[in-house]
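Next come two complexes built around chain A: one with chain B, the other with chain C.
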Partner chain A sequence: MKKDRRDFINTCFRFAAGAGIVGIAGVLAVKSQKGDFLWQLDPSKCTQCGRCATSCVVTPSAVKCIHVYDMCGYCDLCGGYFRPNVKNLSTGAENQLCPTGAIKRSYVEDPFFKYEIIDELCIGCGKCVKGCGAFGNGSLQLQVSHDLCVNCNQCAIASDCPSDAFSRVPIDQAYKFAGFKSNKKI
Partner chain B sequence: MLSKRSEKGLILSSVVIASMLFVYWLVYNPVKDIHASVPGMDNRPEQSESTEKILIGEGFDFFSEFTSSLTGKWTQFRGANSDNISKDNTKLISSWGAAPKIDWQVELGEGHAAPVVYNGKVYVLDYDEVKKADALRCFSLETGEELWRRWYRVHIKRNHGMSRTVPAINDKYLVTMGPRCHVMCTDPTTGEFLWGLDLVKDYMSEIPFWYTGQCPILDNNVVILAPGGKSLLIAVDCTTGKVLWETPNPDNWQMSHSSVMPMTLDGKKMWVYAAVGGIVGVAAEGDDAGQILWKTKEFSPSVVAPSPVVLKNGKIFMTAGYGAGSILFQVKKKGNAYEVETIQQFKPKDGVASEQQTPIVYKDRMFAILPKDAGGMRNRFVCCDPNDCTKIVWTSGTNDRFGLGPYIIADGKFFILKDDGTLTIAKASTEKFELLDKTKVLDGHDAWGPLVIVDGRLLMRDAKHLLCIDVRAN
Partner chain C sequence: MKNKLILWLSVILLVVVVAFMAKDLFVNQNKIQENVYEYDLKELRKVDASKISHKEVKQIRIQANELLGIATDNKDQIYVSTDENILVLDTAGKQINSLRVRGRARCVSVAEDGNIFVGLSNRIDVRKPDGSLRNSFVIPGEKAFITSIAIDGDNVYVADAGQKIVHHYNINGEKIKEIGGKNLDAGIKGFVIPSPFFDLLMGRQGELWVVNPGRHAFEAYNYNGEQISSWARTAMSIEGFSGCCNPANIAMLSDGSFVTVEKGLERVKIHLPSGDLKSVVAAPELFEEGTVGIDLAVDSQDRILVLDPVQKMIRIFEAK
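On to the complex of A and B.
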């Protein structure tokens, strides 16, 4: 059937309106999906390669070390705080493993010490995490800090991660640290 | 052209601005938010001498009379030959059947201390958390009934366990070393207290992190101890409690969790000890008993738990955890002196290493569980040629990984305890890993105490329980 010009224009408008509605719905769906999911790293897959510190688009990295206190042994000789084979267990910079001094060590009672991460100084290099895992209970773990993460569509660290430890997680399970109590921000 | 007045004004303004900038530059501190990390920021208090008065062997509880026809013996850490191979001729099981046959189970204070066995009696240095006392407990091997307990009050805080040593025993003497370096000698039959030594007070020993792991060694009624501090090694006559010889400690090496191991080189008997600071060989007999024959500082991690593995031809393998790796070195006699030559030294991902347990040498092969920092082979049970510890002959594979738990050889089989309480039996093969059977014996954790197999019974523990399992084939 031959269409006249008026029908043709009407049809075009209908198609355009339909495509617009579908497009808007699609964009909204994607946006809403992005809002419901966040990037997080799985400590059980993490090999502490150090790329979290350098690959993130945020400076310093949105990946931070967290301390799972219920796993910590509160050791005097902490493998996450001290360099390997230090002879003097003091807070002198020469003894510390953290390149930015982001771990605060404080005496609790003999022979126990508490270790706190100073978020502002932590660059997410994972050196302490590696030391803690090799020496202690593995209570220091890397996690994406969601108050700093800009939740890129394609996370730059996830692309660089050699152990495929990054994935999107539901917003109600935003943290994946391993420990006695899981999925809870310390 | 500017007028002279304007010129002067301009110069003056420039000088004022330059002066202000200079003052600002002087006053401004760009590093005001940076703090130096210096010792003392953790508020660690000054070490003060303990005022706690400890009366070693002060208490005794008698529970029951005892008779037994059993004659099996496991006399010290790693057994009489220090090789961790049971000489028990009893034929042992190759599978667990429906379930392991647990003869008895007793509750212990939290720790990793393991027992010795002598003629049907089991002795373990426990920590009594109620009484707050080191307690030498004697049980019947057949029934698990507690026969007596010799104890002394000493305050121990929970720190990855409390007890962690193995006693040493012979016909007449039973010697223990407590978490805070208290040495106690008793009569193994009656439990009578004979003498005691406080190594911290007498030898200025430094208690290792997580308390003492060193196990005393008995040699013809003489006990060998490594206090560190004032004397590297000492020999004590069990009959009198008197010190026979003391080894000088010129480098101020400290006590480790490692135990003293015997070695004979070119007919010369010596004691080998891996202290925090280095490894030393000390003359065991003769006019120079107690003198240092050789030493090396090539391997000196800050935490040492395994003991030296003495190999053939003066070779010694030493390993430690927490990234330290291992060393293989050879002691050679040159004239009247000894020389130490390092053959291999490597990180845990490059060869055989161990974090807590001492490897076993069997049929010219060495067996160990690799530590968690051993890369892809972490926690696997492995076999190597001890002449080249970087070449792994076989591993237990990806599915059979173990933790920090102990292993022992008996009746041509490995008995391997994973620290979650899973007990594995494997054929003691030098060719490949041959799994026979495995079972979860208990739901405990930190099952690190060494295993004992004697009279067809296997003694094992987790952090809080001691179990006796009947592993006889029939």
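On to the complex of A and C.
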């Protein structure tokens, strides 16, 4: 059957409308999946530049230091806790590297000390992470805390990160820290 | 006339503003801004030049996958252990022999009589001066991991980082005793070894000096295994040993001073027998950041041989 011009234009409009509806549905479906991916930083790429503390839209930053106890040497002279050139290894504020005093040091047994991160005080600057990596075995690591992160479409820290350490990760692999012997969760 | 002047001034002002905006947009875009929270470790890697007592006089390149240990004999021949063999070099650095080993030769020591002791994970191979195998024995224990060997006559002292103990054997592989196990009644706190670096050497009076890296300490033991002396220096500054566990390796000069090398801050220093810092041999800036496993040896001229496993060479330092 031969179509006249009116039928042809009608068919084209219908086809365009259908394609539009399918396209919009597809985009909405993809957007609805956005919640299944989260921002996370890769400690193996992180250079502890300090920008996680200042670039995040959340204050204080959603990036926090976590402590992988399985890796920790429980050192007396902890490079992540003490400033360089400290006169004595005490918990005096003048000896602490952390600008907010967010690490608690407690005696275990000679010569071991335990270091705990106080999340409320941690601003994610990464000073302790750098000190631990330089003088210890890297048991302190930075991670995006997902109960604080608002999961921006474009993460402000990811844009500022000089080492390209941020990426979106599936929700079932929300953390990328290294060194756990088992699949413990924080 | 006046309107024209205002017009021109406006145009110039506009051009200046546009140029400023363009510079701000394009020129400064990639400039790394300072961050108040950045922890700059570069300062720690600098050493006051007045404290440096030695100068590097020679570099000997070594062809190997992994450089693991270094030793010298009484003729100043150099022995380098690798993941495949023991390379023997003359004093000029020319290779004169290569001894194939069965495994990763983590450490090597040479006795006064020329016998060569090679530490291979949990096994010690004793080779005659010509390189042929004399005998071999295994250190029992699942965690045994040999990191250093010291020889005094027929006595063989073995640093076992895995089991955190020093084993005393004779040359035939018969165990005599263990040294350094925790015994608070005897004043021995025990070795703290968070990483696989645990070195020892024989002192000038036949005493055994053992590094206790987790305590940043040196401990001396007599033949009976009694602790007779110790000193510790814990500090990130140049006067002490930094990090979780240092020094990583040691050697001794003819005057009884200790040559030490650290990881984390890769620096080679000389400490007096009392433990006080005497001088610096090599500052961290001479090594690539993150270098781990630097080993030391001293020859009869008190030249310090530094095995650099990253740059794959022996670096020889002489007093200035």
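Here is the rule we use: the second predicted complex is superposed on the first by the 152 of 186 C-alpha atoms of A that agree within 3 Å, B and C clash if a C-alpha of one lies under 4 Å from a C-alpha of the other, contacts with A are read in each partner's own complex, and residues count from 1 in each chain.
As a convention for this text, a contact is a pair of C-beta atoms (placed from the backbone, for glycine too) under 8 Å apart; a residue touches a chain by one contact, two chains touch by 3 or more.
Everything quoted here is computed from the prediction, not taken from an experiment.
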Room on chain A for both chain B and chain C (clash or fit): clash
Which of chain B and chain C A:Q48 touches, first, second, both or neither: second
First, second, both or neither for A:F135, with chain B first and chain C second: both
Partner chain(s) touched by A:P111 [first = chain B, second = chain C, both, neither]: both
Contacts of A:F177 with chain B and chain C, given as first, second, both or neither: neither
First, second, both or neither for A:L97, with chain B first and chain C second: second
Contacts of A:C75 with chain B and chain C, given as first, second, both or neither: both
Which superposed partner A:N85 touches (first chain B, second chain C, both, neither): both
Residues of chain A that lie at the interface with chain B and also at the interface with chain C: 73, 75-77, 79, 84-86, 110-111, 134-135
Touch list for chain A against partner chain C, complex: 48-51, 53-54, 73, 75-79, 82, 84-86, 89, 97, 99, 110-111, 123, 125-127, 130-131, 134-137, 162
Parts of chain C lying in touch with chain A, wherever the complex brings them together: 32, 35-39, 41, 43-44, 189, 192, 194-195, 214-216, 234-237, 242-245, 264-265
Interface residues, chain B side, partner chain A - complex: 35-45, 157, 159-160, 209-210, 300-303, 321-324, 371-373
In the complex, chain A residues that touch chain B: 73, 75-77, 79, 84-88, 90-93, 96, 101, 105-107, 110-113, 133-135
